[in-house]
Every structure is written in structure tokens, then in C-alpha cells.
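One chain, chain A, appears in both complexes that follow, with chain B as partner in the first and chain C in the second.
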Partner chain A sequence: MAIFRLAVRRLLSSAPLLFLVSALTFVLVSLVPGDPARTIVGQHVTVEQYEAVRVQLGLDDPLPVQYWDWLVGVLHGDLGASLFSGEAVTKTLNDRLPVSLSLIVAGTVVSGILGVALGLLSARRGGLLTRAVDLLSLLGLAVPAFWFALVLIAVGAVKLRWFPVTGYVPFADDPAEWARSLVLPVISLSLSAVAVIAKQTRDCVLDTFGRDFIRVMQANGFSRRSILYRHVLRNAAVPVVTVLGVVLVSLLAAAVFVETVFAMPGLGSLTQQATVQHDIPVIQGAVLYITVLVVLVNLLVDMAYNRLDPRVRAA
Partner chain B sequence: MTRQPLLDIKDLTVEFGQGHRTSPLRAVDGVSLDIAPGETVGLVGESGSGKSTIGRAVLGLTPVHSGRVRFEGIDVTRAGPRTRRGLSARLQVVFQDPYSSLNPARTIGQTLAEPLLVHRRLDRRETDAHIAEMLERVGMPADTAGRYPGQFSGGQRQRIAIARALMLEPSLVICDEPVSALDLSIQAQVMNLLARLQRELSLSYLFIAHDLPVVRHLSDRVVVLYRGRVMESGPAQVVYADPVHPYTEALLDAVPAPDPRAQRARRAAQAAPKTTNPPADEGCVFAHRCPYAIDICHRERPALLPLPSRGEKQPEGGRAVACHRSGEPARVRGLHT
Partner chain C sequence: MSTTSLTKRMTCGLAALTALALSATACSSGSGSSSAGGGGQGGTLTVVTPGAPASLDPAKANVGSDNWFVNLTYDTVLRQEPSGAPSAGLATKWGYVGTGNTEFEFTLRSGLKFADGTALDAKAVAASLNYTRKNGLNVSWTSAIASVTPTGPLTVRIHCSSPHPSLPELLTQVLLAGSVISPKGLASPAEMGTRSFGAGPYVLDTAHTATGDHYTYLPNPLYWDKTKIHWKKVVIKVIANPNSALQAVKAGQADAMAITANQFDTAKSGGLSVVGTPNLFLGVNLADRGGTLADPLKDLRVRQALNYAVDREAITKAIVQHHGHATDQISLPGLDGFAEDYDNHYPYDPAKAKNLLADAGYPNGFSLKMETQGFFGIDLVTQAVVQQWKQIGVAVDLTTDTSVGQWLASATSKKYPALGFGYGGASSYPLSLDWMLPHATAFNPFASSDPKLARMLEAAAASAPAEQPSRYQEAMRYVVDQAWFVSVMRMDGMYAFNGKKLTGLTAAPSYLPDLAWSVAPK
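And now, the complex of A and B:
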């Protein structure tokens, strides 16, 4: 019940955030030199023709009016149509959402499981593995996802021919091919996330192991296994969940590059194209979708806190 | 005299590795001590003297290099988790830091129920009754069990940690600096609580602290440690009133006097260390700081020997000192005039 109330309250309070983000995007996009009318008509037309297209697109209205029109549409469930393809933005986005979701959810699951497992192992074993995790996290943070993606394509797809170079196969078409098409993008997306999560997990587990209540249990002869799983993990999980939330949001950003490199028809590559073309309705719609995703992720993280840490519940 | 000691430590040595290039650090070096049922033994010394390490070795939290630890006649030097589990009903611990000694994710009731789950088959109602009784004993309100550690102050948490240690009515509780993280007024409350519980439950304490007045208040006997070795031991009142070892004397002198003028006078009188050289492998570990050190102190390690009685016929209640010059009446008298 308390969780439900928390969810409703958080969702309501995110409405102003959505408004602010969309307004800011609108201003930013209009500040970028060039405009969609110019992109559509090209360089070799008369001023009259160019102006006609501008009027037709509503670009001659003052900025607040343009934004107001868009906002009214959104409140009616209409995100407008692409300035180029003419397709409804909602349809474009809904078509592409599953691609991005597959990528991001798979990336999160992989980096969560792998990161926590590596972190736990290095906390328990120490030595060489600890140093390997340190090195990996340094590399993971230093190597940009898009460059790593190119290396993966060169090795995993071009040389070894294990995976397709680019492209995406919908799950409904062929689940096996869907999985195969996701392997390289997910690996390149998760590298830095695995590193960050592994390091955080290890540090939190070691920190918790050093606490006196764990010492009391060790002195009382509780087995290391039951201490680890029943007492340490629960306490170490809170900061790890925080990092997981941050990582998930950063995956949304990294997905823009990874989708572009692997030519995957997702939200990220769509946003990138739309930005190049000044396709304002598409940009606005994509930003709206991504913002909603971020809000949902944060809500999930908060709900996990609530479950894990009684101090959050009391506050 | 023939009564079996509750805890019997013989020649305990604990070493910590410092990588394969350097020789290991000897944190505890051949320490022997025993605790009789119902007795409190205070373990004092500056930081790094090995006092906490001795407590941790008794609890099996740190590997023992040599020597042995006997508890209630059983050798527990290298006891595994199974033996430790059995032991935990009789041997318990209270640590220094009240903020990390309780699991923040579990209610006080869950934490206190843990030892009962291991040792006794009690149903829910009996467990709750037991917890309520113990909380009352340590002076915590009845609704404590349903709350989380985060809702209590340091002193209250230390009371809860004491309650956890006493859930199974142990015979010995190792108190590792149990009050040094608390305010002075709270310290007094917790110390009084420990003293009252000892009377009510006939407990023994191994009381580890760097704060001498605290130790004096609670201990029957004290053991003074320096660099992992026993410098002096004996009945608390006698050692405090009449320290024989120069290190004990220095420790007692370091306790600030309440009167600022007396404190200033004493500071001026305190002798500076003779040399700053670290102690050699042989010789007395305190020699480099000792104002009375003579040649032999740097060459030969003094053994911990019973102190011959001075004035009375009997040795003074098992008093022992490790000092080459402890027998010299002139020096002994010279110290206290």
C-alpha cells in the first residue's frame, strides 16, 4: 500500500519534469542553425518557395505558439507527424521502442548479473581477480562504447563471422536470430556498466564484511555462506542498486551510439537522424519517451530502496 | 586457588603478515592471562599494544600463531565454526562502534532473536517474551524490538548490543572498548549497566580499553600491555595506586588531572623519551622510552616475574612485573616521591 502511494506520488511529481524537459528540448532544437524547411527544399529554390514551406510547416509562428500547439497535441495523445516521412510520430516511436528496450533491458540484465557476480568473486577471492576487476573497470570507463562496438564488429562479425555485422531481427520473426543480432550490441553497451557495478559490489561487500555486526556473527560461528547471503548482500545491495539505476540511465545515452554503429532501428538512432534533419516533432517525441523511461527507472530504484533499507522507509 | 579458570590464555602469539618481503608483525607476543568465574580482567595499553587482538584471538576472529586459548577447560585456539556456534552460548562479545555493531536492515527483535534460533527451540511467543525481558534488563523501552537500529542513539545501541550478548546468559563477555565511542555521561550509564548485569548474572568480563579510569572502575585485575607483551599485571587497586613498571607509571601519568595547575606541573615533570630509536629485537620493548633504562634493559628481555612482597609476608595477590629494575627498592621508592 505504501509502495503504491509512493509510485503514484512520484509519477504525479514527474509531470512538471516532463514539461520542463520538452520545453528545453524545443528551445535547444530551435537554436541549432538551419531549419527543416531548408533541409526539405534544398539550396536551389526561390525565397518564395522556401517561405511557403515554412508557413506550411507552421515554422513562421513565434516559438511559444509552436510549442503550445505541440503541447496541446500531446495532451490529446497526438505527437504530430514527421516533417519528412509524414508518418505519425507515435507510430514511428512505438515501432522502434522494442528495439531499444531489447537492447537496454538485455544490457542491464547482463551487466547486473555479470557485475554483481564478478564483484562478489573478487570480494571473496581477492588477489589476482581483484586486480583484474580494477583493470577492467578502468578500461570500461576509458573505452567509449562506440569504439568498442567497432572493434567487436571487426573481430566478432567480420573476422570470426559468428554474429551479424549490423541490423536487428524482431523477436516475433525469429527469436534465435533476434538473440544473435543483440549479442555484439549488448556486449559493447555493457562493458563499462559491468566494470562500474563489479567495482561497486566488491567495495560494498568488503565494507559490510568489516562491520562489527558481521564480526559478532563470525565469532558466534555462523557460516561464511549464511553471513554473506543473509546479512552482507542485503546491506551491500543498497549502493549497488543506486549504481544500477545510474548505469541504466547512462545506457539510454550510450544506446544512441551503439544503435547508430550497428544500424539498429531503435529510438537512439532515430533521435540521431531526426537531429541531423531538424525533424522537430520526432525529436520531441523521442525525448518525451526517453524521459518517461528515465522517470520509470528512477521510480523502480526508489521502490527497491524501500524494500531493502528500513531507514528509507522510516524517512 | 585450585578453581579452574574460565578463560586461560597461555603464551599467545599472533602475527600479521606484511607481504612476503618483510617479516610478519608480531601483534601479540607470548601473552598469558586467565580469568576466574565472576571476575573482570581489564586489558590496557596504548593503541597498537595488541589488546584488541587478544580479544579477537579468543573469539577466533584472527588466526593464532602459537600458544593456546582455553575456555571452560576446552581448547578453542583453532576452533572451527561448528565449535564456535556451540561456544557462542557461553562466550559473547560487545564491540566498540555502536553504529556498525547492529545490522541496519533488521529490526532489533530480529537481531536479538538470532542467538535463540541457533541454540534454543523456542516458539514465537517465548522468543518475544525473552527479548522483552532482556530489553527491560538493559533499560530499553518495550517497543524497541519492532524498531530498526537507525532509530536509536549510540548509547541506546550499545545497550542493545549488550542485550544481544546476554541473550543466552553467557559466562564470559569480551568487551572491546565498549564505552569509548560514547559521551562521558553515557559512558557512565553503560558502565553502571555492565556492573549491575555482572552482579545479577554472575558474568565475567574481559574488559579491553585504553581509558584507564574506565578500566579501574570495572576491573578486579588489570593487565598492562605494551607492543604485544605484558608489562605488569595485578589487582586493579594496587596497580593503580602503586605502579611498579615504568610503562604503567607513564600510562597513569598520561591520564589528565582535573586541576589544570596540577596538570601543567605534571606535564613539566614528565620525562621525555631518552631515544627515539625503535626497540631492538632483544631487550625490553619499553627500553627506548624508559627513563630508568640501563645497559641490561637493551640487551636482555625481562621476564614477567611475580613481584616479591614489600612489607607484607605474602606476594601481593598475583602481582607480576616484567622489568629488570623492579627489585631495586631505591628506584621503586624514587618513583613515588
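And now, the complex of A and C:
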């Protein structure tokens, strides 16, 4: 019940955030040089035709009026239509959402599992493994993700031909092909996240193992397994979950380049394309979806805190 | 012990995930594009383009970048051959009526149908052409057309208010205006952006199309010539990143794509076939010839000095190696306006350039505001020109736009006296409408007017076909003499493709590989 109340409170308090983000996006997009009407009409039209398109798209209205019209539409469940394809923005976004979600969820799962595993191993074994994790962390943060993605394509797709170079197969069409189409993008997306989580996990586990209550438990004869699973992991999990939440949100941003390099029809590539074209309704809709995702991720992190840390529950 | 156990469990979990992915690999390797089948019809043809179409409505699609998307589903009145000559399409007979190139008539095949089952007759074709000329984006090319009327069940007459010598070209698959749209499409223009309403060899499979990502086409069962349908399925995949796109073709996931000069070696080393032909010229447009913003540009000597100050050979070699050719003009070999003797009209001579500037009253040079485009290598050419102009004291304040929308807004804003340009080769009539006649366009934003040039172009447009090349070449020599621009190079347009699977992918000036009719399984 407490968790339910927390969820409702958080969702209600996110409404002003959504409004602010959408307004800010609208202002920023309007400041970017370029003109969607010009892009649509091209280079061979008369001034009258160009003006007609501006009027037809509502681009001749003052910016506050344009934003108000969009906002009213959103409150009625209508995100408008793409200025270019004419397709309903909601349909475009709903088509693309599963791609980004697949990528980000898979990226988070892989980063979480590998990062925690490497962090634990490094903390418990020390020595070479610790140095290896340090090196991996350094590499993960230093290697440009864009370059790494191209190397993965050259090796995994072109040379070995194990995975497709580009594209995405919906899970419903073919689950095995869906997994195959995600492998290279997820690896390139997860590299730096694994490094960050591994380092954070190792530091937290070492820190927890060094605390007095662990020493007392060891002195009282508790098994290592019990100490690790019931106490160390649980205590170390709170900061790791925090990092995981941050990583998940950062993967949303990283998905823009991964989707572009691997030509995946997700929200990231859509936003990038819409920004270049100045397709305001699509940009607004995509930012709204991404903001909602961020809000949900933060909510999940808070709920995880609630579950993991009794002090948070008490508060 | 406990950590070892934990490690084992994690390893098992990861192994399971990896196994799922690898089993998928084992099950489906090679399924990205199926090989061409026998019997003259291949399986799936997958081609890659760098951007999504502006629209699937032929009237609102971009000529050049969107042709493949449109040509597959919309047949055109005529067909352009790689040689540039028109051939039969939906029409079997065509020609100008009388002299002066103002009346044009064509006769359609009988028994034609749109993919939606509606009869394709003269009335439907006239309605489609009228829609395009009134609502299309290439209004400058159709502005001379006063009316399109059916004169019989299968005959259509085009009446022009001024001579239009390029109507056959306009009605082909290259310039798109002759793409015939069904009455159902014309009744719902908003739907034409995302659906197909044509009579082409294929129809858009909307269920397997994701706007902006990939477009799937299936054979049109009502097509009039089934021998033209070479594939069971055609997929156009949008891949914005050129490296990923080329890797996809190399890996066999796609079959063909346009490439740039710096991808040539990678494509060849990857076993791909490459065809190319000059199809784009690049340089700097000295648009403010009247000196509205930049007073020096109204002096012919200054404009000529800017031409003499550019080492075109060096720039061409540096940017496109052997995939281009230095030139001073804005036409291509094989096109009617190409004047062979004017390819090197302004040999590199910085001393002469300085003298001309001094004669014009600018011995120390001057400053100039310029815009360029950060794509297709246009910015590279512009930057090289800017560096060379520094030698004669001309300092350029350069702004680089990174999207087509930004460029179009800048080019038509009349804020920049000079503009970097890239322009696909076109025959002289449409070229003159964009560049040389006093209409405000992205390539002539200040609507520069030259009565002598206008008379030359008018006479050329009204002349008989045999006379047109020499007249247009005279006009080209004239604008080069007047130094309206600093053309630097013509660049090859190149296509990389799987030569073991495809045939018929041809490149030619002012022509695009004909995906709908010619690209077939080997």
C-alpha cells in the first residue's frame, strides 16, 4: 500500500515536469535555424506556395499559439501528425517504442548482470581480477562508443556474419531473430555501463565487508554465503541500484547513436531525424515519451529503495 | 565457495542468453536478402538509401533522393533511357505539335489499370498531371504549362504558355512529374504521403513498412507488363550512417546503395561492383551579381578574379581523387548544355586574379559573407575555395548549414551574397529555370536578370530539337563568361552493388538507376 501511495504521489508530481520539459523543448526547437516549410516545399516553388504550406501547417501562428494548440491536443490524447509524412505521431511513436525499450531493457539487464558479477568477483578475488576490472572500466569509459559499434559491425557482422549489420526484427515476428538483431547494439550500448556498474559494485561490496557489523557476524560464525547474500549484497545494492537507474537513463541518450549506427527504428533515431527535419510534433511527442520513461525509471528506483532499505520505508 | 557458486549461476544465465542469440544465428544466417530465383524473377531486392522520402506523393517527393520510393509504385507517361532519350512508358506515341514547343500530345496504351483497379485513361492522366502542376513542388519546371486536357479516350494534349522543350523529359521517371496518380489518390491527397495510388509494377505493402525506416513493395497483379516485375519483393531500407550502410551491403544484408568517393576502395575491396558517372557539380554561386549586399560582386572583373584564383585541379584531386573532374561550367558531358571548350575557361592564375581585383578597385581584396552546406562534400569544396581566395585578399565569413531545411532557408533569405552549391546534372531547360532566368530560386535568390541571356534561352527553348544543344551551349558559355558562379568540379555519382546477384543497375548523367524496370536478378 505504501508503495502504491508512493507511485501515485510520484506520478502526480511529475505532471509539472512534463509540462516544463515540453515547453522548454518547444522553445529550443524553435531557436534552431531552419524551417520545416522550406524543407517540405524544396527548391522549386513560388513564394505563394511556400507561404501556403506555412499557413497549412500552422507555422504562421505565434509560437505561444502553436504551443497552446499542441498542448490542447495532448490533453485530448492527440499528439498531432508529422509535418513530413503526415502520419499520426502517436502511431509513429508506438511503432518505435518497442525497439527502444528492447534495446534499453536488454542493455540494462546485460549491464546489470555483467557489471554486478564482475564487481563481485573483483571484490572477492582481488589481485589480477581487480586490475582487470579497473582496466575494463577505463576502457569502457575511454573507448568511443561510436567507434566500438563500427568495430563490432566489421567483426561480428561483416567478417563472421553471425549477426545482422543493421535493422530490427519485432519479437512477435521471430523471437530468435529479435535476439539476434539486438546482440551487437546491446554490446555497444552496454560497454561503458558495465564498467561503471562493476566499479561501483566492487567499491560498495568492499566498503560493506569492511563494516563492523560484518566483522561481528564473521566472528559469530555466520557462513560467508549467508553474509554475502543476506547482508553485504543487500547493503551494497542501494548505491548500485542508484547507479543502475542513472545508467538506464543514460542508455536512453546513448540509444540515439546506437539506433543510428545500427539503423534501428527506435525513438532515438526518430528524434535525431525529426530534429534535422525540424519536425516539431514528432520531436515534442518523442521528448514526451522519453520524459515519461525517465519518470518511470526514477519511480522504479525509488520503489527498489523502498524494498531494499528499511530506513527509506520508515521515512 | 559461495562466490564461485554465484559466478556459476551468472555464467549459466549469460550462456543461456548468448545461446539464444547464437542459435538464432545458426537458424537464420543469410536470410537478410534471399538470392535471386530462377524463371526471371528474383526473391527480395534490398536497397539502401540515406534518408526517408519527403513524401510518397510523386508531386511532393524530392527529385533525385526520393525517386526509388516513388518509381516502384507509379508508372510514368514516358521512360527515360540511360542515354537520356525518352522511350515508351504508359504512352506509346508522343511529340510536339507544330513548331515552337508549346503544344505536346501523347497517346496512351489501351486497357491500362491502376493498382486499385480503376481504369487508366486520358481523363485520369490529365487529372493527375493537372494535380501535379498545381500542387507539385517543382512548379518552376511546370510553370510554362497552361493546361492539360484529354482530347480522346487515350490522347492527352499539353498546352504551354511559353516554349517548353523538355516536356518528354518532364514526363519520365527521372523528373517524376509524369507519375500518374489514380483518381482515388487525387480524392485523398493527405493519404498519398504514406500510401501508393499508382499504376507501377509494385504496390507499397503498408503492413510491412515502417515510415522512416524501411519500405516494402510487392508486385502489382494488375500491371500491364509483367515481364518488368523482376522481384517478389523490394525493400528500401533507410540507413543514415554511410559506414553502416556500406557494411550492410558488404555483408549481403542489402544489395545496392549509392556511395561517395571515399567509400569506393572499401566497396571494391569488399567484392562489390561499382558503377559511376558524373552527376553532380559543386562550387560557389556568386548569387548577388547586382551587388545588393556585396558591392564588389557586381563588377564582372571581380567575379572573374574569383574564378582565376581557384586551383580546381588540386581541389578535385584532394576531395574526390579520380572520381571527379575540374570544370568551370554547370553542365555535364552528355547533356545538351555541355560546352566542351569551356571546361577550363579560367585556368588557375592568382596573379591575373590580383590584377583584375586591382583594376576593379580592390587591390587589397574585400570581405564576403557566404553560406555553405555541410553534406555531400559541398562544405569541403567551399572551404578549399575560401582558403585559395585568401591568397588574393578575399576574406570569407562562412556559415555552414547542416540540414536541407537550414540550407533552403538560408539560400532564399537573401542574406548571403555567395552560396556554396551542389547541383545534380540536368538538361538545360530545367537548369535555366533554376539558375539563369529572373525567378527567385534557391540557386538564383536575387533573381538576377540579364536580358541578353533571357533572349538566348527563349530562342533555345523554342528551337527544333536538333538546334537546341548548340543554342544552350552558347548560353552556358555566356554565363561562364559573365562569371555568375565559381564552378569547381563535377563529381561522379556512384553505386555499389552485389554484382553476383544484380544486373541492370546503370548510372548515367541526369539519370538514376531504374529500380522499377531495369534492376533485375542476374
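As a convention for this text, the second predicted complex is superposed on the first by the 315 of 315 C-alpha atoms of A that agree within 3 Å, B and C clash if a C-alpha of one lies under 4 Å from a C-alpha of the other, contacts with A are read in each partner's own complex, and residues count from 1 in each chain.
Quick note on the criterion: a residue touches a chain if its C-beta (ideal position, glycine included) is under 8 Å from a C-beta of that chain, and two chains touch if they have at least 3 such contacts.
Every value quoted in this text rests on a predicted model; they were computed, and no experiment measured them.
S.K.: Will chain C clash with chain B on chain A after the two structures are superposed, or do they fit?
M.R.: fit
S.K.: Where does A:P164 make contact in the superposed view: on chain B (first), on chain C (second), on both, or on neither?
M.R.: second
S.K.: Considering only the touch criterion stated at the top, classify A:N235 as touching first (chain B), second (chain C), both, or neither.
M.R.: The first partner, chain B, only.
S.K.: By the touch definition at the top of the document, which applies to A:R307: first (chain B), second (chain C), both, or neither?
M.R.: In the superposition, A:R307 touches no partner, neither chain B nor chain C.
S.K.: Would you sort A:S223 into first (chain B), second (chain C), both or neither based on which partner it touches?
M.R.: both
S.K.: Look at the residues of chain A and decide whether chain B or chain C touches more of them.
M.R.: The partner that reaches more residues of chain A in the superposed model: C.
S.K.: Using the superposed model, measure off the angle between the directions from the CA centre of chain A to chain B and to chain C, in steps of 10°.
M.R.: Spelled out: centre of chain A as vertex, angle of 150 degrees.
S.K.: Between chain B (first) and chain C (second), which, if any, makes contact with A:R211: first, second, both or neither?
M.R.: first
S.K.: Once chain A of both complexes is superposed, is A:R10 in touch with chain B (first), chain C (second), both, or neither?
M.R.: neither
S.K.: Rounded to the nearest angstrom, what is the minimum C-alpha distance from chain B to chain C in the superposition?
M.R.: 14
S.K.: Both chain B and chain C touch chain A; at which residues?
M.R.: In chain A, residues 223-224 are touched by chain B and also by chain C.
S.K.: Write out the stretch or stretches of chain A touching chain C in their complex.
M.R.: Residues in contact with chain C: 33-36, 38-47, 49, 82, 84-87, 92, 95-96, 110, 113-114, 117, 120-121, 124-125, 150, 153-154, 157-158, 161-167, 174, 176-177, 179-180, 182-183, 223-225, 228-229, 260-263, 265, 269-270, 272-273, 276-278.
S.K.: Provide the residue numbers of chain A that touch chain B in the complex, in ascending order.
M.R.: So the residues of chain A touching chain B come out as 211-213, 215-224, 231, 234-235, 308-311, 314.
S.K.: For the complex, give me every residue of chain B touching chain A.
M.R.: The contact residues of chain B facing chain A are 59-61, 80-88, 91-93, 95-97, 100-105, 107, 111, 114-115, 118, 148, 150-151, 164.
S.K.: What part of chain C is in contact with chain A in the complex they form?
M.R.: Spelled out, the residues of chain C in touch with chain A are 1-3, 5-7, 10, 13-14, 17, 20-25, 27-29, 31-32, 52, 54-55, 60, 62, 137-141, 190, 193-194, 210-214, 237-241, 243-245, 247-248, 250-253, 270, 401-406, 408-412, 433-434, 440-443.
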